[in-house]
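One chain, chain A, links the two complexes that follow: it is found with chain B in the first and with chain C in the second.
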Partner chain A sequence: MGKYILKRIFYMLLTFYVVITLTFLSMKLLPGTPFQNAQKLTPTQLNTLKHYYGLDQPVIVQYGKYIWNFIHGDLGTSFQFGNTPVTSLLFQQFPVSLDLGIEAMIIGTIIGILLGIVAGLHHGKTTDWSAMILATFGFSIPSFIFAGILQYCLGVLVQIFPVAGWGGPMTHVLPVTSLAVGVLAEVTIFMRTEMVEVLNQDYIVTAQAKGLTRSAVVFKHAVRNALIPVVTILGPMTAAIITGSVVIEGIFGIPGIGKQFVSSIITNDYPMIMGTTELYSGLFILTILIVDILYGVIDPRIRISGGHS
Partner chain B sequence: MRKKAKWSLVLSFVLALSLVLSACGGSGSSSSNAGSTLAKNQVLNLASTADIPTLDPNLATDTTSTNVIDMTESGLTRMHNDKFAWDLSAGAPKVSADKKTVTFKLRDAKWSDGKTITAQDFVYGWHRQNDPAAKPAYNFLFAASGIKNAAKIEDPTNKKFYGKYNLLGIKALDAKTLQVQFDQAMPPFFYSILSQPQFLPLRADFVKKQGKNFAMGPSNLIYSGPFVLSSWKKGSGWTYKKNPNYWNAKATKLTKVNVQVQTSLATRVNLYKTGKTDVVNLTGDFTNSMKQSNPKDIHTSLNSGTFFLYINQKTNKNLKNLNLRKAINAAIDRNSFVKVLFNDGSLGSNYVVPKGFTAGPDGKDFRGDNPANGYPAGTTADAKTFWNKAKKELGIKKLNLNFLSSDGDQYKQWDQYLAGQLEKNLPGVKVTINQQPWANYLKLNQEFKFDLAFSGWFPDYQDPMTYLDMWTSDNPQNTTGWSSKKFDALINKAKAETANPTKRWNDMLSAEKTMMADYPIVPIYQSGYTWAQKPTVKNFSQPSYGPQYDFAQTYITTK
Partner chain C sequence: MAAAQGEITQEMFEPVGADKKASEQISRKVVSTWGDAFRRFVKNKGALFSFFILVFIILMALIGPHLNNYGIYNQSLVRSNLPPKISALSWIPAFSGKENGVDIYQQRGVKQDFWFGTDQLGRDQWDRTWAGTQISLIIGLIAALADVFIGVVYGGISGYFGGVTDNILQRIIEIISGIPNLVWIILLILIMQPGLLTITIAILATNWVAMARIVRGEMFQLKSQEFVLASRTLGASDGRIIFRHLIPNSLGMIIVNTMFSIPLAIFFEAFLSFIGLGIRDPQASLGSLINNGFTILQIHPYQTIYPGLIISLLLICFNIVGNGLRDAFDPKLRR
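After this line comes the complex of A and B, so read on.
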């Protein structure tokens, strides 16, 4: 197990390095400058500004400097936010996105698993159909439309929740719900399919034949096995939710990192593009690692074959 | 075009508010009109479309930063309803006979930490704007104003002067007397430009003590304006509080202004509808629905953004043909364009200098002296006539045009509308739309890789020259290839004539006429804005030059 994890960590760091390098080089292919008033500046004025910021040096030199500073924990300063260090922007805004994403994941996953189990157990019956209709709706309606509807109905028409903002628990309800619906739907569909399949397996019949109670059969044998594929999708889904909440953050005025990622690319804010990419890819790689390890815990077969590959 | 251009949201709001203003004067509580009284709670709630990019006046280039700086700091003047008022300068300065030396007396005013604002603070602030090490982004305003040696100090090829800010024409004669010198007579827009972030005082001891942290947060600044910034939470919003140390604090009625960052228009409208904010700017469908639901709250005005098409006659030889350019100009129905696509007070235009932006020495608007509604563009029938002439002269039957524009959903609609009109009214013309991200748009534009390019311009100073001198032959912003010796001569003459404002004004009027006779660009519209404002909010404005939102003297009434 230890060797398996070490190997995973090595690959993780290698992937991370490749991501940084590719991002840096492709970012430098973006046309234009990070100066927002470029339209107003003459070529001479632009060159002077580029010189101040070291952007007139060859890309390879800039890359070397970047990596050197990165190793020393310096991610540079943002162009969009007048020389504010990128690390301080990330530290301020990322926890908010993380908070939002994790709350949505927890709620969506728990309800999704429960719904999936119930639907799977009542395969083909009304309960199953209702759950599936609900899930299909949640799956096909984009979260931002759902968010808009929730905001208008519960924020403007019936003023139960605040229209926007991020502070007390009340402000969390609408954005977390909007984001959780998609998770819930996906987990429900997955869990139900797995439950139906697992319940038809021979070992379930054996367990029933042994005279185990229904709850023991369902929870000890069926659910545990059905969970494995669900765990597989949870990792990437968590990363996607945390990094992909841009629109929800925009609608509810949440000071998260999502919109930063988009705006830094549009404005050629090089240090910020790098910072957010590193954060996102780091997060993604890390969740995949955790899922890989979790697999091993849930399913010993993976641990063994993974250790040998 | 630029969504966050320096002046991108500035509005002229003279009509409605000049009435309120003249009724209220500067003093407050007794001046309530129509029987309404001052509310107990003088708090204004706003939503901003963007967070504050920076509070460092050297780095500020966008509307949000500029607005915060304008509300919290003071220059020698302050803009209010498109007119300047003496702020830290104790009245009009002494101007020498040749208008090359201007001497300001400072009034007794204090920084928010209680120390006196001195002439040396101005010298330091202006020097810092011309110090390359402090990375100034907008210091070309010093050169544009003709301040002595500024152009040379900002020119990296000038070995003798570059970066030597000590040679700038500003001097503190004593703690209260500030002398500014010019290369030639002071230009007429000088007093209004003094209100801009680039011309503010700064305290050397404070900036040096803060070092890297300067302007990073509310506590890393000292304030000289009507408000201080009391909190700023990145991504969420910020709060202003009244600055009791401001010399004119008695004119500040608001005790607190809360601003929340909301990037979604729907959310901003919902916040307004639920009473969480007092003002909301509207576009598109929201304009129409709000006009119906809250007609009394609606305010509309023109601002100083001009939008036009560049015509590339440098690399496309067909476009050198005057009749073809006339045909393109006549083929576009500007009025239906703004009516169908905006309906927010924007104005179809066929001129270079916008309406309601500057008045000349005669007191008349530039658009009063030159054709008020622009130059006749012609009807669709004229378009066909010009097009037929052009086809004959050029020996062509068909024409493909590459139409470059910035990307984004709204541009898609605009571009299609314009392309559709060209194709419909000029049979045989085929327009290919090329939408590019802003940075790439600029690159392609500067490299002349387009036939027509949709663009916009916002002023840098309150003078017609900010719209005109970009069209001279050697100006890098003139990406049309159009070159007129007559136009260049008129602009150069006007620039040299700062000592004679009337002659200068007339030369600028002639320059616009000369340019528009040649159709080097296709003016499309002057932008306007529509916003909803709670009826209890008074004396709030969105002027065409100066702060984007001016609430320095706003007050709240009970009804």
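After this line comes the complex of A and C, so read on.
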């Protein structure tokens, strides 16, 4: 197990290094300049600016400096917001996005698991069908359309919730719901498949034959085993939440990283894009690592085969 | 033994003997894998219905822009922000050309009908919506091709050869998939101009990874089976074994996964265009149309509704058809 974890951590660091390098390289290949009204500047002014930001040095030197600073937690300063360090901007916006993402994930996962259990228990019946149809819709319809519908219906037509903003609990409802729908649908479909599979296993028949009550069979034997593989979709879910939050934050005017990311790209704010990209990738890679380790801990079969391979 | 008291004695019985021909005879019509899958798929009403909706959308995307001659780019401020109007269906409020009870067409003196209305610049939404649908479908097609030509080949090679080759190829995949898709695509968009070409390259670069993993797993399972050994004994080359034996055997799986990756790619294009990093004006994409409509959603909701409806239908139907195909091909359900 220890060897397995070490191996996973090594690959995680390798992947992260590749991300950092790729981000740097693509920034170097970027068209356009980071300076506003660059045409109006005289060559001397431009050179002074380039020198100030270290953009006149050879690429390899910039790269080395970049890695060195990165290790020390210095991601440079944003071109967009005066000279605010990227790290402090990220620290300022990340909690908002994290809040939004975690709320959506918790709500989506809990309701999804419950709905999946109910659908799985009524396999082939109306309950199952309706849950699956709802889940397919939730899974397929893009989150930005959901957000639009919710914002229009519950924010504009019937003014229950605020149209935009991020403050009290009421402002959380619409964005969190729009983001949670996708997660909910994915978890429901996954959980239902697992439940159907587990309920057909021999040990369920054994448990029933022993004369256990239905609730004991369902909760002690079926649900517990069906829950294990749900851990594996945590990785793809994190990616979906990251993608989703970029649009949701834009639509509801939430001051998080996603909204910032899009505007950084449009304004060519290199350090900000690099920082956000690295944060997203780091988060994603870390989730995959946690999932791998967690899965090894929960399911002994993985632990054994993982240790040998 | 106890019952042997009566008149029934052993002499009364004689063995019939097994009729080899009769027992080997196939009493029902032979059903091929494809025939079986087809039969199952057709039985699935939802999937069949979704399939027909998809066919309808694809046909409309192809012929829709030719049904009138406003064009995708033609602007005219006289006819800006007109609500949808179909004269033959004007008794339906949504197609009456009225907004808040006022007939905008009469007010502006516009004689023509705009079936889906017009946008802020007076461009015909009908033409633009179907042109956007074309983009979505092209993206779906590219994703399918990437799956088949990159994913299957990559996964096939990795799974078939195993060992060092597999190890190297899997490490590459691990790094590719360790980075969120969004980040990959945005890095690419930064280097090139946002547009169809960039999105295509991004999809070609990342979309096949799931397929490669699945095919690799299939290869591992199949390559140790007897028919592969038999083929190899007869002198078949590696390429022949992979492409003539192993891949046809996992074709059901490949088709199903292709069907699932198409809506993902379509969603991604719409998403990128929505946040302004995909297809840009004046070109039309469902995502960018929705984004344009969103700015005036409260005043002219029809500008968002139609592209939103079509992209939702497209994604829902692709997913339902994918589910139907999976059930049709799933070996666990087949008894």
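Here, the second predicted complex is superposed on the first by the 293 of 309 C-alpha atoms of A that agree within 3 Å, B and C clash if a C-alpha of one lies under 4 Å from a C-alpha of the other, contacts with A are read in each partner's own complex, and residues count from 1 in each chain.
Here is the rule we use: contacts are C-beta pairs under 8 Å (C-beta built on N, C-alpha and C of every residue); 3 or more make two chains touch, one makes a residue touch a chain.
These numbers were taken from a predicted model, which means no experiment stands behind them.
After superposition onto chain A, the partners chain B and chain C occupy overlapping space and clash. In the superposition on chain A, A:68 contacts neither chain B nor chain C.
In the superposition on chain A, A:262 contacts chain C only, with no contact to chain B.
After overlaying the two complexes on the shared chain, residue contacts for A:10 are found with neither chain B nor chain C. In the superposition on chain A, contact is made by A:242 with chain C only, not with chain B.
When the two structures are aligned on the shared chain, A:251 is found in touch with chain B and with chain C. By the touch criterion stated above, A:22 is placed in contact with chain C alone, chain B being left untouched.
Using the contact criterion defined above for the overlaid structures, shared-chain residue A:281 touches chain C, although it does not reach chain B.
In the superposed model, A:148 lies in contact with both chain B and chain C.
By the touch criterion stated above, A:52 is placed in contact with chain B alone, chain C being left untouched.
Overlaying the two complexes on chain A leaves one chain C stretch of 148-156, 202-210, 256-264 or 274-282 clashing with chain B, which is 274-282.
Taken together, the two structures place residues 30-31, 148, 151-152, 156, 250-251, 266 of chain A in contact with chain B in one case and with chain C in the other. On the side of chain A, the complex with chain C involves touching residues 11-12, 14-16, 18-19, 22-23, 26-27, 29-31, 136-137, 139-142, 144-145, 148, 151-152, 156, 239, 242-243, 246-247, 250-251, 261-262, 265-266, 273, 277, 280-281, 284-285, 288. For chain B in complex with chain A, the residues that touch the partner chain are 1-2, 4-6, 51, 53-56, 59-62, 65, 132-133, 135, 137-138, 140, 154-157, 212, 215-216, 233-236, 260-264, 266-267, 270-271, 273-274, 276, 437-440, 442-443, 460, 476-477. Those residues of chain C that touch chain A in the complex are listed here as 171, 174-175, 178-183, 186-191, 193, 263, 267, 270-271, 274-277, 290, 294, 297-298, 301, 304, 308, 311-312, 315-316, 318-320, 323. Of all the residues in chain A, the ones that touch chain B in their complex are 30-33, 35-45, 47-49, 51-53, 80-84, 89, 92-93, 96, 148, 151-152, 155-156, 159, 162-166, 250-256, 259, 266-268.
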